[in-house]
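Here is the structure we will look at.
A, B and C label the chains in the order they appear, each numbered from 1.
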Amino acid sequence: MTEENQTEVEVKKQEKDPKLLKQDHDFVVPGDKIVTSIEYLPGRNCFRDGESVYSKRLGIVSVENHVLSVVPLAGVYNPMMGDMIIGEVEDVHTSGWFINIDTPNSAYLPLSGVRGFIRSGTDLAKIYNVGDLIYAKVISCTRQGISVSMQDPRARKLFGGKVLNISPVKVPRLIGRQGSMISLIKRKTGCNVIVGQNGVVWIQGEKDTLVTEVVNKIDREAHIEGLTDRVEKFLEANLPKGFVPKEEPKNEFDAPSEGNYENKGDDSDAY
Amino acid sequence: MILRNQYLVDIALTGKRLDERKADEFRKIIIEKSPLEKPEGSALVKIGTTQVMAGVKLDVKEPFPDAQNEGILMVGAELSPLASPEFERGPPTEDAIELARVVDRTIRESHAIDLEKLCITEGEKVWMVNVDLHILDNGGNLVDASCLAATAALMNAKLPKYEDGKVVWGEKTNKKVPLVCKPLTVTHVKIGQNLFADPTEDEESVATAKVMIGTKDDGNICAMQKGGGDGFTFQELEKIFEKSVELGKQLRKQL
Amino acid sequence: MKRLDGRKPDEIRPIVMQAGVLKRAKGSAIVKLGRTTAIAGVYGPRKLHSKHQQDSNKAILKVTYNMVPFSTDERVRPGPSRRSTEISKVIREALESAICLEEFPKAVIEVQIDILQAEASTRVAALNAASIALADAGIPMKDLVSSCTAGKIEDTYILDVAGKEEDVTFCDLPVAYMPREKKITLLQMDGDLPVKDVKNVIQLAIKGCETLYERQKQALKEKWVGDLEDTAKALGLSNISGGKD
């Protein structure tokens, strides 16, 4: 779900192949046969049985250079290495934190995934406590579990703000091609908006109610063409005339506000 | 135990079995008739290492409102914790309930017991036949062993004395429970693409699907139940039906 | 031959299938076969709290079949019964092989089914509803599972045994079927029939499953494509763009 979708490579309209039982953009349910031909490869959410390729999710077919995949219309977040996600600290252990990222199993943030020096014997709850919200990077996801890390320039603890949950399958549309959609929203409203690949959206700023409406609109209309234009018009219609954001929203890539854990306070109070 | 699982699958895929039986061969069956005195009928059935004790208790009850002139049949099963480390005491588990209900269905649907003959006074008093299955040792294929035990116990069950509206416990009459046929089940499991009759516990643990077929003396099918996550194709079922009827005939001879 | 309720031998009662009828559940569906009404909701895959039930290789599937107290002529006592426990088990086993459980180790997928009105073949209606609800929840599956009963009255094989027919049929045989893999995943039978007849009854039931399979797909399409088209229409557009803009 990461690069392939975030950047959304421009796809040329392909000639319809009569061999395809389901064409590009067609609706499929699990078990639907898409093609009987070894010329096509099964991609995401598809599988091969014998010579045929079938869908295994409810969604919309996507044909790209003889690779068949299904863009799901529903389902839970499927973590991928490199994804940036928003999670809530669920439990503090002796050597790390368990983070709820809205997947069947919690993610783990080990001590080694935190920036800075942490003295031994530190109360880890002083770094991240239960209930804290973090923007973190998925560094590994295996069948054994998911690990996240704060060792990324974008990663940070999120203070205040409003949290929304959208369907994870709609996240690529909210971010837009090379971040176009999210930049548009941030630029127009002056709000700080961070989108986790897991469908959690964090909004902070004066116009957060409007942003909430826009995000819900995208969640609803994600698969209908001309989304960016509609969102732009919607924003213009709903913002006061001549509205100029007080300050430019922070870029996601800005250095984090958390400092180094070393040399903070005296010994007894040190992390 | 853990390492053996893959080995079991591997040899099952070649169509062989760990105990060198043929795919459609039952283990050695021992049927002990009336091993107990207290119940009106009882039987101990051993299929290989599996041991099931069946007891039949009779009592006089009021008939069900929708069957005023018919006796009542009840089948219960308990997976005793002494039979397997996986069994626990407490309310009946899903497996115990399924076991009891499959045996119940096989006996009921085959009309093996002439329930009308168990009526004492229409609408007031009828005999109630309680068949309780107690699993003593789980070596696999509990359903076939249980059904065999239930039928064997019913065959030798005798009605207790009934006088002045009361059952006189301990005094059995010569009247038997009216049995018109001998219903039995035959279980097959599927491992890979191969089918095996009378699975052992190990085979059951690696099987992906299981099907129990209840048959009667005349070769008719009277109950079926599929278990396990996988499915069967129609062709596989055709083969299973044929084998089940044939194996049922062989089993019936041992009763 | 005309049947007691006027149907043809191979005719199923009026079918109503609708996906996405509940808001809170991840996926849901309602299925009506004549008066028999089943509603199913799916939660998960989500965390399985009890550690000893977890499977490190795959998700576990939990199915609960429940009769609502007012679903029959005589009030049903609430709570699990021997019958509902058994039906929950066979429904679970009918669905298990269709779902890609291995994609969610240690998790649980829960399917809750309530029978709102019971008039024969409740397990079949329940299973059809559960299958739609699972797909509606976006759970990866290798196939949908369809289910239908068949039986035999006198010399006629009948599809979808219902109502008074239950008292006169020689057998009541529910089947669940995965149409793509051609596998039978639920098979039960009450009755007394020779092998030849049993085979014919199964084949008729499979035919019924195939009919219901098309209706299940249609129900999902109606919900998802219908939704998209409605929104698009409201916006004065006609195209659904899939994953691309």
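Points worth noting:
Keep in mind that, in the parts below, a residue touches a chain if its C-beta (ideal position, glycine included) is under 8 Å from a C-beta of that chain, and two chains touch if they have at least 3 such contacts.
Everything numeric in this text was worked out from a predicted model, so none of it was measured.
When each chain is reduced to the average of its Cα atoms, A sits farthest from chain B.
Chain C has the C-alpha centroid lying closest to the overall centroid of all protein C-alpha atoms shown.
Chain geometry summary: the mean Cα position of chain B and that of chain C are 29 Å apart.
Annotation: 55 Å between the Cα-based centres of chain A and chain B. Chain A and chain C have Cα centroids lying 34 Å from one another.
Across the assembly, chain A contributes no residue that touches 2 or more other chains.
Contacts with at least two other chains are made by residues 178 of chain C.
Those residues of chain B whose C-beta lies close enough to touch chain C in the complex are 92, 94, 97-98, 100-101, 105, 108-111, 208, 211, 216, 218-234, 237-238, 241-242, 245. Within the complex formed with chain C, the chain A residues making contact are 5, 8, 11, 24-25, 27, 29-33, 45, 47, 49, 54, 56-62, 71-76, 104-106, 143-144, 169, 172-173, 177, 220-221, 223-228, 230.
Listed in rising order, the residues of chain C touching chain A in the complex are 26-27, 44-48, 56-57, 59, 98, 100, 104-108, 135-144, 178-180, 216-217, 220-221, 224-225, 228, 231-232, 235, 237, 239-245.
Residue ranges on chain C touching chain B, taken from their complex, read 82-83, 85-86, 88-90, 93-94, 96-97, 173, 176-178, 181-195, 198-199, 202-203, 206.
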